[in-house]
Amino acid sequence: MKLEEFQAKKLFREHGIPAPEGIMVTSAPDARDASEKIGFPVVVKAQVKTGGRGKAGGVRLAGSPDEAQEAAEAILGMDIKGYTVERLLIDPALRISGEYYIGITVDRKRKIPVMMASASGGMDIEKVAAETPERIIFQPIDPHRGLRGFEAKKLAFRLFSKKKRAMDTSFIMVRLWQCFNDLDATLAEINPLALLEDDSIMALDAKIVLDDNALYRHPRMEDMRLPTPSDQKELGAKSHGLSYVQLDGEIGCMVNGAGLAMATMDVIKHLGGTPANFLDIGGSSSPEKVVHAMDLLVSDPNVRAILINVFGGITRCDDVANGLVQALSGIDLDLPMVVRLTGTNEEEGIRILSERGINALKDMTGAAREAIRLAREGGGAR
Amino acid sequence: MSILIDGKTRTMVQGLGRDGSFHAGQMLEYGTDLVACIHPGRGGSSFQGIPVFNTAQEAVEETDAECSVVFVPAPFAADAILESANAGVELVVAVTEGIPVLDMSRVVRELDELGTRLVGPNCPGLISPGKSKAGIMPGNIFRQGPVGVISRSGTLTYEVVNQLTLAGHGQSTAIGMGGDPVVGMKYNDFLRLFDRDPETGLVVIVGEIGGSDEQDAADFVSRNFSKPVVGYIVGRSAPPGKRMGHAGAIISGAESTAEAKVGFLRENGIPVADTVEQIVELVSEGLGGRN
Amino acid sequence: MKLEEFQAKKLFREHGIPAPEGIMVTSAPDARDASEKIGFPVVVKAQVKTGGRGKAGGVRLAGSPDEAQEAAEAILGMDIKGYTVERLLIDPALRISGEYYIGITVDRKRKIPVMMASASGGMDIEKVAAETPERIIFQPIDPHRGLRGFEAKKLAFRLFSKKKRAMDTSFIMVRLWQCFNDLDATLAEINPLALLEDDSIMALDAKIVLDDNALYRHPRMEDMRLPTPSDQKELGAKSHGLSYVQLDGEIGCMVNGAGLAMATMDVIKHLGGTPANFLDIGGSSSPEKVVHAMDLLVSDPNVRAILINVFGGITRCDDVANGLVQALSGIDLDLPMVVRLTGTNEEEGIRILSERGINALKDMTGAAREAIRLAREGGGAR
Amino acid sequence: MSILIDGKTRTMVQGLGRDGSFHAGQMLEYGTDLVACIHPGRGGSSFQGIPVFNTAQEAVEETDAECSVVFVPAPFAADAILESANAGVELVVAVTEGIPVLDMSRVVRELDELGTRLVGPNCPGLISPGKSKAGIMPGNIFRQGPVGVISRSGTLTYEVVNQLTLAGHGQSTAIGMGGDPVVGMKYNDFLRLFDRDPETGLVVIVGEIGGSDEQDAADFVSRNFSKPVVGYIVGRSAPPGKRMGHAGAIISGAESTAEAKVGFLRENGIPVADTVEQIVELVSEGLGGRN
């Protein structure tokens, strides 16, 4: 679960990490009021769960109430990489004399958290990572012992030679770890970590991604969920035990298992088609799940054919077939559909489906080819 | 031969909930040497003739179990893994899905210190066909033979194995290592064992987007592995930055894309299949007539 | 810093450990009101920082408001092992079907915390420990990893075979560790941990000792300090950098260093005298410290002679002597005093003191002998 | 010879506050091979000609320091000890008083894993007379000779050593191990080293009430120690249940009383002195004319 900047900054401040005390608003008049409360100049910042908002024009400086309102009007409703801006953070604009980077994530290879720090912070940190990786320093973190003061100090003295700056930064680093650990985050990042002209160190931006698997331990974090429309569809799917990601192709896919679902999408693409989505209905495919999954596919106006790909493992193919028949009996389906069933009791499953006039195949590549053909032929009806 | 488990592996199941008791029964049916079950509060009773214990320590003391398959719900699963490892079990297979990543980070570190091997979590487990099953794989699609299979996925493994079996290529051991960001054993850990296993003639690596485990495997194969390897990577059609069900499938850098992986494998001399059907062809070539 | 039962129970409840919701009172009428609020029967419990209060009559059952008030009147003001009862805890009286013990302390030998548990809880746990040590089970706790669920479960199933009882107890054990760790305690103990007739598990008594060295991390714990009169004297001494423990002998001692102070007391006893106190003035003995230390000695009516024993190490004896002279010049001392000075520059130090008419020796045993003699001869004056 | 430190021990000081800088100067004056000081923010400067570093890692990399004496204030002291140990220092002497016991419990565990030795905390350190001093002991009262001294106390050590020196009994190495509930090296760890040190002819153990370290030492001596030992235990006049300044001096059980300790030492053949004067007599007897 990604948090927005204003949420992450609030959590940072709760953990003793200095961050500007801004105000979150959802309208231009509120942006005006907030800017007056804060005092000028202010920064008006789009709250979206993606990077690159600065380059997209989602961050503007404002020196007066009118400028703040204008900036807010310009940014609200803006589309940034598919996210519509619905919220703004009005922050005091501070005098910055240097931009640095610190972040913590879990290193899949080392299998432990790692802190990254760089003296080259700011917007282009990913470019720095790709082009001059030696400018990013790494500190592995023992997950039982946490980031220790001396480890943070060692990193901080590589960013700053002055005692106050280095020690302030090392405290922020330790607190960033505490924040990461306390919240069960998978990412906690400050970019830029700014050196201000008054020699203080402050988090000017904030990014936190929480571990969905650990949210049960942090019930209050659920209140921070601010789903976007596309998030909402995925969350709705999740509540029914489905894992769904919408794309923009023509073949709606329903598959059991994430790996098999990706393989199905790949084979569609391999054969010249385009998958409309990723949809994993999980190990056991109950009729209710299939109904909900079908609703998701049908509600996507781009879908021109449906491909159901089920591998009967523990679940038997005849059970799956019966479930599918039951599920489809309640739906008025106006799209062509191909079902591929294989694994335990596949013959029986295919027979059950054929009796109800459902095209059922044993072979995944063949089924994908058939779905693409049907999408091109009959899909024009919608 | 096979790796990690065979017909003599004394196995236990932790957590006799709905899934745990179903799969314990399935394992018994498959021929796994199931010697104990663990379910707090049911100590002293029995499950299909197998003794049930309150704690892993008692189970290991009484039955010398060497392998434990964990079905305990996510909030308690990390503790259950640690319990078995601290009780002296050599191999823990964690089927449970949804364990927090920081929990796993701590678990993996402690298991390393204890010298306990871990497969998973969020994995279908492993099977040495005709000998033993420690997990939830559908036993009927497997056949004993020379192909080792290592995968990050569940149903995709079944798909691949099913095609292999239909084509007459049996398996020595097939493993679903799990798709979470932090898992126990990875490709290289299994490859090291497959290299020494005389039954295994070829290994199929089924990978997916996210991380760089497949690159590490290719690197290992090109330096230290004496048998043919066939690769298959899914997620070529996944858009960057989207989760595809597995937490492991977050595109986090250039090297975690399917294209990067396929390219790296090929550069290291590993043939990569575009479809499941192609895997079978490449395996047939790799085995050169051996089955 | 020892906490009283009502404080420890509050902290337990904050950490999710079930404990009766009692009311602390300081007068008999308040005890009556509290008992009516709680409902009968209630237990009226003396709040003192020592064990054995039950045997001393400091815990009574009351079945009515009158009985509660009578019990409170009887217990308030009672002396239990030198502690005067000033506070009472009125707890609901619960129906108990078994008494168990769990506690955590730091094991000096293993150098890590250890949990102890016993099915033989209740008043005589120390007797159990001494006579049947096999009835106490130990679980070492890795201080980085904490007490894990499975470790607690293993202990709990040795106390209880029924699932609910064992699992409830294992959760309490883990929370007791969290409480111990969060508060930087040196002891956290539940005795008895009671099995109630309704099959629930509850902390019927609670003991927490906090690590004085870690109190700086827990500022709110300072509000829990409830010093007794003798505590107050020791605390006052501490605020001046002195470590003081009052005893009941005749020779007031002032020594630099705790080990040397104990050696001084021992030699007094060895020679047939009785030390009036332990008083460590620390490594450096500034004149102010000596003045405060002298105040402590003089304010003890039992003291009949004063023995000052200073080893000049880093601090030079002549400096110490000058400090002593300065300190003593402001005091109207009506007690005989022996000063023993040795170490760096001892001759010069002794000379300075002799010039002011202060009896100064080089030898510790000789000085102690002289102090005992003076106490017997001249001490009768007070 | 001597144990743990000698004239060649490359030593550093952590924390140049009031105490740290005073004692760094004293150590230099005594002849300690002081090669580095650590004080964050003063890196690049020098202290009495000794280079100052921001971090222990830099100090060790630049100067190959093997021993660090920690004067850092209590809230930061545990971290400072870990810093030196993780930088590769072999011996850490923690002078700092007032470190929370759980901090020390974590520190000691990690140092064990790293193989770093720890003396203290809350201790005067150690001295090998005529060679090196790592701590705050007054150098002038010590004289080189055959007596090893291990004590839980500070000024009492000086008292004992002073009498020994006056009687002509010099010391090989004298150690104040600290009186906190959790300390690094204990009597037995030092005894093991003294046993192998040819210069040491006899060891004086200065103990006090609290814990059972003295019993452990007596047990060790009776089994594994080849040289004469003299004991001295203070706190016989301490009433049960009262703190006597040292956190270590809490009477927690029957075996932690002075009487129990004295008795146990004597049962194990160790003569125990009643007064400091008696220590000197027993040492003279034990050395049998050797000095």
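Note that the chains take the letters A, B, C and D in the order they are written out, and that residue 1 is the start of every chain.
Here is the rule we go by: a residue touches a chain if its C-beta (ideal position, glycine included) is under 8 Å from a C-beta of that chain, and two chains touch if they have at least 3 such contacts.
Since we're looking at a predicted model, the values are computed, not measured.
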Between chain A and chain D, the fewest touch steps amount to 1
Chain pair with more C-beta contacts, B-C versus C-D: C-D
Here the gap between chain A and chain B, centre to centre from mean Cα coordinates and rounded to Å, is 27
Report the inter-chain centroid distance for chain A and chain C in whole angstrom, where each centroid is the mean of the CA atoms. 55
Which chain B residues sit where two or more other chains touch them? 106, 110
Among the residues of chain A, which ones contact at least 2 other chains? 144-145
Chain contact graph: line, ring, star, complete or other? other
Which of the chains are touching one another, listed as pairs? A-B, A-C, A-D, B-C, C-D
Contacts from chain A onto chain C in the complex sit at residues 144-145
Chain B residues touching chain C - in the complex, by the definition given at the top: 40-43, 54-57, 76, 79-80, 82-83, 86, 106, 110
Chain C partner contacts - residues on chain D that touch it in the complex: 26, 74-75, 98-106, 108-110, 136-138, 140-141, 151-159, 162, 179, 181-182, 206, 208-209, 211-213, 216, 234-239, 241-249, 253-254, 258, 274-277
Could you pull out which chain A residues touch chain B in their complex? 50, 106, 108-109, 111-113, 129-130, 142-144, 181, 184, 186, 211-214, 216-217, 243, 245, 247, 255-263, 265-270, 275, 278, 280, 283, 311-314, 342-344, 364-365
In the complex formed with chain D, which residues of chain A make contact? 145, 148-150, 153-154, 157, 161-164, 166-167
